[in-house]
Amino acid sequence: MATEQESGDTVRERTRTGPYISFIRWMESLTETQFAYFLLTPALLLLLVIAVYPLIQTFGYSLYADQLTGTARLGQFVGIENYVALFSGARDFALPSAFLPGLSSSFPFVTGIYSSALMVTLVFTAFSVLFETIIGFAQALILDQDFRGRRWVRVAIIIPWAVPIVIQGMIWFLMFQPNIGFLIGTQENPAILNTLGLSFTPLRNTSDSLFLIIVADVWKTTAFMALLILAGLQSIDRSLYDVARVAGASKWQQFKMITFPLILPTVLVAMLFRTIAAMRVYGIIETMAGCTTVPSLSCLVVTTFNNSMYGTSATVAFVTAGLIGIVVSVYIVKFADAEGGF
Amino acid sequence: ISGTGGDQTETEAGGSQTPINTEAPSEDVTVQWAADTRVNNNREAIFQSLREAGLPDNITVEVIAGSQVTNNRQNQYQQWLSSGREQPTLLMMDSGWTIPFIARNQLQNLSQTLPDSMTSRVEENYFEASVGTAKGANGDLYGIPLFPDFPTMQYRKDLLRNAGYGDSDFETWATESMSWVEFSKITKEAMNANPDTQYGYTFQASVYEGLSCCDFNEFMTSYGGAFFGNPAENLFGPVGDRPVTVDEQPVLDSIKMVRTLINGEDDEHALDGITGNIAPEAVLQWTEEPSRKPFTGGDAIMHRNWPYSININGAEDVFGEDLGVMPIPYGVTAEEAQYPMTGGPVAALGGWHVTLNPNASQLQKRAALQVMKAMMTEQFKLDIFEIIGWIPPEPDLLDSDRAAEVPVIGRYLSQLKVAGENAIPRPVTVVWPQQSSKIATEVNAAYAREKSPEQAMSDLKNTLEQIEQSA
Amino acid sequence: MATQDQGGVFEEGGDAEIRKGPLERWVSTVIKNPKRAYRAMFYVATLFFLVTTLFPFYWLLVLALTPNRLIRDMGLLPKGFNPEVFITMFERVPFHLFMFNSFVLGIATTVIVLLLASLAGYVFGRLRFPGRTALMLGILAISYFPPAAFFLPLFELFTGGTDIVLGPITVSSPDLFNTPAPMVFPFSALFMPLSIFILTTFYGQIPDGLEDAARVEGTTRLGALFRVIIPLSAPGVATAGVLTFISVYNEFFFSFLMNNGEASSWAPIVAGILKYQGQFDTPYNLMAAASIVGVLPVAILVIIAQERIVSGLTAGALKE
Amino acid sequence: MGEVTLEDVTKRYEDVTAVDNMNLEINDGEFVCLVGPSGCGKSTTMEMIAGLTMPTEGEVFIGGREVTNLPPKDRGVAMVFQNIALFPHMDVYDNISFGLRLRKYDKEEIDRRVERASDIVQLEGMLDRMPDEMSGGQRQRVAIARAIVRNPDVFLMDEPLANLDAKLRVHMRTELQRLHKELDTTIIYVTHDQAEAMTMSDRIAVIDSGQLQQIDPPLTCYNEPANLFVAGFIGSPAMNFADGKLTEMGFVGDRIEVDFDPETISASVGDDVTLGIRPEDVYTLDDASSLANPTKQVEVITDVLEPMGDEIFVYLLLSEDATVSLDEEARGAMSDQLLMSVDPDSDIAEDKEVSVVLDRTKVHLFDTETGEALLHGLTATAAASTDSSTPAESDD
Amino acid sequence: MGEVTLEDVTKRYEDVTAVDNMNLEINDGEFVCLVGPSGCGKSTTMEMIAGLTMPTEGEVFIGGREVTNLPPKDRGVAMVFQNIALFPHMDVYDNISFGLRLRKYDKEEIDRRVERASDIVQLEGMLDRMPDEMSGGQRQRVAIARAIVRNPDVFLMDEPLANLDAKLRVHMRTELQRLHKELDTTIIYVTHDQAEAMTMSDRIAVIDSGQLQQIDPPLTCYNEPANLFVAGFIGSPAMNFADGKLTEMGFVGDRIEVDFDPETISASVGDDVTLGIRPEDVYTLDDASSLANPTKQVEVITDVLEPMGDEIFVYLLLSEDATVSLDEEARGAMSDQLLMSVDPDSDIAEDKEVSVVLDRTKVHLFDTETGEALLHGLTATAAASTDSSTPAESDD
């Protein structure tokens, strides 16, 4: 080929010089480990300055007492006292709600399930992630099909994700606002949901609000799941389905044995991040029912932060992160193989 | 990289003690004023008014249209002031949270840096309750009230006429408030007389700041109760060194009263004498707007709300002259009440102040002082009453002819004056935000029959005491 | 091969047949041919999802078209018809400026995130090196923290309150308040872990053979990333991009506190929407209109990202 | 059970007709090889039989049932894919047992079968490898094993041995043949290994540009190709062709003449005809002694010698001026050149003038225009043989 | 420029040693075929030369430079991958021109080269197809074109013709050879097509289990295999082997005896030795007339006949009780069976007792234990030939 061209590739390659070329050459000469760290540098630098540095600072705050008067942001150094106070319940009075559920001697042995931030957060996380995953999966499967108008269905399904939380809150708040929304009735004239047990003032009531907030969150964030899972579906080699079909796999079996395992890593990433985000839920609560009615962990962080209780706020933030870490490690341990990433 | 930060403002705050030169600066200065969108939307008229009120031409004002959502503004200010930013120079602050900023030395002490002539005018002429929320523990003034806000009871004259009441009654009620007993009875009568009207009385009892600061505060105070004992002494502190009195009988009575209004007289914690079933259960989830809608829509007879809603409901295409306004009813009279400032037709106090950023440059402060001066003129106060509907912060101005000519609200100035004179501020201190959410939760739970009034208030007392001790 | 038959439920026949036949005929064919039943189920499911996701938007439209003072006791239809609201909303607040800001912030963040996360995703997805697991867990851990945990130090850093020691000289950090920087950088850092994980999964699944082929053809490892791996992971990259962009669009913590809320100070759309709100009164109709207008560009973005980018870059399914 | 019939099947892609009006009848238990140039439509045909691709027109029958619209899983076929397509997330065991697990065979049965299949493809001990840890040939063997563990009516194998070395290939061939015998399944097999097609199949189907050219037993295809295409395609190295005219005397070409009675074939004197002769049917005069029916001598010049170990290919130039030998399309297909295969011991040298003769009984004649075969093999006399039985057979 | 040298190169995966202490020297401009059983390490070797896999031990040199740690792009190699590895998101044109575009050749030059390359691989008119719209063979041709548009010092081709039909294969072979001549590039080529290896390469490198067995010109490998493995691997059908002992008389096996002077080889009397003879060197008595140096007759029974078109394979049973003929591993490799190839005209029939002789000059002897070759070819007399020149060469 190309006999006319006397010089081969390498000659051409070697004759090129300049700082750019020598940089490239230097980069290619790195070992795999060096190269890995080299490529990670920009991301790590950004994270170091914008995330790690503030976290270290904030961790420092958590070791100081709150200071509500005077110009100083923090009070005196108290070591781990904030943490102790938080876990012992001694700080609950300063929070919109208790942090841990109280213990009682009678069945069911825990009180204030709904008024403890931890339980509210866990309940919210478990249900919202569960439903978002299931529904998102179903939506992704639909979007993966080829049909007329698919583009529009796709937009329709994804668009709730783009709705600002303020608006999301407004939409649902109004739907369940007595005298405004039609999903809520009055004693004389109950709506369907009321007959199913929803109270007439659901947004002042922790359990009803929690339920509605989960619904609102599922409405909005399912799109996140659907989008990610869809991307996973689109990346599967279609010829594998040919093989499976000839081997006699039914639609369900194709799903179970090919689709599912192949997108499992994607689903796990999606679930992982949804879990993390759900455990930090705040905005939708604030806009729909308020942090006092439905106290989540992040509610505690933000409320104390807004009340200038920076020590407590930092403490709750770190404890929240720790709790998320515990939940996440369940994923990691459980799915280490499937993920292949850890 | 610096340490935990936050302490660098200490020294600068010290600098804020230097008196400000009252001479107007000669160079061109632009003063940034953190206000809200309504100011911004009317800024041409407002600037005009400031000029006419004597603001020199070389000083211009730039409005930052902050959010109307008061919490958001509070958070923003907190970050700006605690990080020592020089801008904005003037800040519009909710009377509900000015005091914590004062407690943190984050505002310019006006008593020390402004000429006495200015501060004493404020102390002497302005609504006393308003001024109280702009003062520090040392008694110094840190903000100048821009406008106060007092809720009133609005009602439908046309519907009450159907129940046999007439103009003479309305006239009496305008300045002489009625008791809750009377109020509930009249409302019930009106409901019976107007069977198509869905609700009797709508107010706000959602779990939010508005319940603790205002609705509940009014109910409680009107029965002679108080959060922390004698309001005249303990309202703004000393934190940790004052009694918590939310479990006292007047407070419990007020709760029972509300429970009766909502659930009827057969509620197990009903208050004797009160006619029940005049308020919908929905109030437990209502804030201002949702509670106003039914009233504006003609579905309610009585409605408690802020003056903004008088402008809406009194508009010609809504009720016009059929809108009646009266002070909030009372549980016990002021004389019967245990504490000063309680009993009688109390109105929770809202409203906004203008404060000065202590970190601003001297030049900025000088210019800002000129702006504040202009804002304190009668002319400006009345202009802005016309422009935005901000109620003049001086009781005397409510009697002025110009004020009376302001459409709609001009008709109800005497009621507002009564409300203003009986205004009860929320007990703002640095721990108030914490206390407020606890109060709202417990009170709402008690209203909703989830807890007995006694239980709720003793729980609340415990928590409030803990918070008091923590500070 | 045979990809055109992967239509799943549309395996055979066109849907033209359905429309022309009367219901009974269809029912009988369904009994004979269960695939039609699948297809019916498919339509039902699609319809269900469409209704559930779109209904709140319809509700939003109902709210927007109803004059604010009539918003009470709402039913399923707007009370009154007030399309002027879409003009009023711009008169009241320069909403387009806020949208523009959001777009700039979103695009800047997305570009930074995709770029850095692509490099990181490549590293984590395709290279084996010591420290990999620890680093991944560390990056993941950043996303455990509520935004408030980062705020104070960052606020000081970006408002000139932090002293940076560079050897002998100490300078204070530049005051970037009211510029895009104090939003773009935190957004980038906080949204990056998600993108890193997404891209790690996608890049890790590209067959080695293709990267090998590219390298033998003369690309560097990075060249192979940009020319082969990223295009082949287009669905994943586009998704990471869309998710990041929308996250910025949705963010309200830093968006709110890192500027003074003015359009001229790069405040994003959230600030714009909140500007409609009064202290007590809320013009629901304006806010509804504003959110409809605010969401439209994202819809367009989604269409572009999903159809153009994805189909443009990966013409076929992956094959080695 | 396993008859496969294609009736007027056509498959068109946007701009290509991959399969063009194909009619094919494959009997139950038959082993048929599909051969043809790259891109002629073999894989497409297989896919249509498997149900992976829907024919644009026509119908497909398996075991007498119309299956045109049936999904693959209901057709009772197993397939080895040309692109191998192993499941990347399953190890070898799981890949092989995939079809069995789908059918919920019990564990032991699966183990037994997987073991047997992996034995056949010589992958014992690799059952827990992942596909990306295997060599190309190993992967292909997994693909074969995945198909043969099952018990379908029809096996479809698309170049299943392409990546295997000669020895393994021979082994696999034997195994597949044994399997075929044991199970009595229909096997449709794509290959471009001539030896494979010749030795394994009951019939060979030759396809060109989506059209079926001939379907006949291997030797029939070899000895009696239906047309020029088949003649040129089957056999490696390919048949030599020489253009010429049909005269009263028989075939007259540039250098080659073969005399026979033109009356005996269905072409008229004066028509353009092409003569075909396979390399092994060209003899040097030395070797011609053993030949019962040689043609006239042809004078040629030896060009390149290509020793293959067990034989030597000799390129012969028919005209002195034809000097380019290894040119494009050179071997066998051009009329000024002739390929001859000789014994490795022959003392033939390059660039010598030699005389060669052709084996009359192995001469083929084709209509140049239509490409159709006119005759296969001449008898000793100039009179053309009228029966079409192959000379090879008549030699028996 | 294009010398490739591997020095003590080893590649270990977790549990497999894919390449084991390989030493290989390939000269500039040489065409070397790597052959060996599936999984023996051919592709791994290629990948290490290309720089895609790092050797666990050892060093790689290209053009005299040590390149062990150099990235692929700086090694001046082009490669055709066994798994083809087309970029699925690029059309044919973009796939082929990928390397050129990277090097910023100008548009016209790229067009020119792509056109030429697609011409060579006969893909004209398909330049705007996407890979998934092509047949297996077409894809493979794109892969070849992608490699040959460039001007590298070394071409690495891993079974580049596996998916092509015989004819195209022959065409591609010619093209590659021409390319090799024109460019004078080093080509390293993996194939399991014996014909390909024999005709194209200057030398063949035979690999087994990651170890280099022999690297020699094709005919040397064929005629003088270095050991049993090479002897069995090269040639298709494979060489026949017969186990026996070295005696004073020469080789003595079960049925076969070949007399020669045991002194002439490096093994002692009494050692186990294996005799090897290729199928084409076994003659029936009829054909033996042409044989100068036949061995003693061996009495056998004809078993299966396998007509291949141009020759017939005859399976011969050495012992009467050996009845299974088409059994596993049957052909050629077992000592109680012998494969013979005869002319298609031979009148040989199944299940007959016949006598065959071997060509003494083509007999091979191996040490059974070490597998090493002891001698290749005996002269007419019982005295063993001591020179190692191949009989084929000496026949010239």
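Each chain carries a letter (A, B, C, D and E) given by its place in the written order, and its residues are counted from 1.
Here is the rule we use: contacts are C-beta pairs under 8 Å (C-beta built on N, C-alpha and C of every residue); 3 or more make two chains touch, one makes a residue touch a chain.
Chain-to-protein mapping (UniProt): A = Carbohydrate ABC transporter membrane protein 1, CUT1 family; C = Carbohydrate ABC transporter membrane protein 2, CUT1 family; D, E = ABC-type D-xylose/L-arabinose transporter.
Computed from a predicted structure; not experimentally measured.
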Chain E reached from chain B - shortest hop count over touching chains: 2
Pair of chains ranked first by number of touching C-beta pairs: A-C
Closest chain to global C-alpha mean, per-chain Cα centroids: C
Between chain A and chain D, centroid-to-centroid distance (C-alpha), Å: 60
For chain A paired with chain B, centre-to-centre distance based on mean C-alpha positions, whole Å: 39
Intercentroid distance (Cα basis), chain E paired with chain C, Å: 57
Multi-partner residues of chain E (each touching 2 or more other chains): 71, 73, 78, 83, 99, 103, 150
Sequence positions of chain B contacting 2 or more other chains: 1, 5-6, 75, 293-294, 299
Per-residue overlap in chain C, given as positions that touch at least 2 other chains: 1-3, 71-73, 152-153, 207, 218, 220-221, 232, 274, 314, 317-320
Chain C-facing residues of chain E, complex: 47, 50-52, 71-73, 77-79, 81, 83-89, 91, 98-99, 102-103, 130-132, 146, 150, 156
Chain B residues touching chain C - in the complex, by the definition given at the top: 1-2, 5-6, 8, 34, 36-38, 41, 64-70, 72, 75-76, 79-80, 83-85, 88, 288-289, 293-294, 296-297, 299, 305-306, 308-309, 312
In the complex with chain E, residue positions of chain C that touch it: 1, 3, 207, 209-210, 212-221, 223, 227-228, 231-232, 234, 313-320
Sites on chain C touched by chain A in the complex: 1-3, 6-10, 15, 38, 42, 45-46, 49-50, 52-54, 56-57, 59-60, 63, 71-76, 112, 115-117, 119-120, 122-125, 127-133, 135-137, 139-146, 148-154, 157, 185-186, 188-190, 192-194, 196-198, 200-202, 204-205, 218, 220-222, 232-233, 235-236, 238-239, 242-243, 246, 249-250, 252, 269-270, 273-274, 284, 287-288, 291, 294-295, 298-299, 302-303, 306-307, 310, 314, 317-320
Complex contact set, residues of chain E against chain D: 13, 35-39, 42-44, 82-83, 133-138, 140-141, 158-159, 162-171, 174-175, 177-178, 192-195, 198-199, 218-219, 222-223, 232-238, 278-280, 290, 306-311, 326, 328-331, 341, 344-345, 347, 392, 395-396
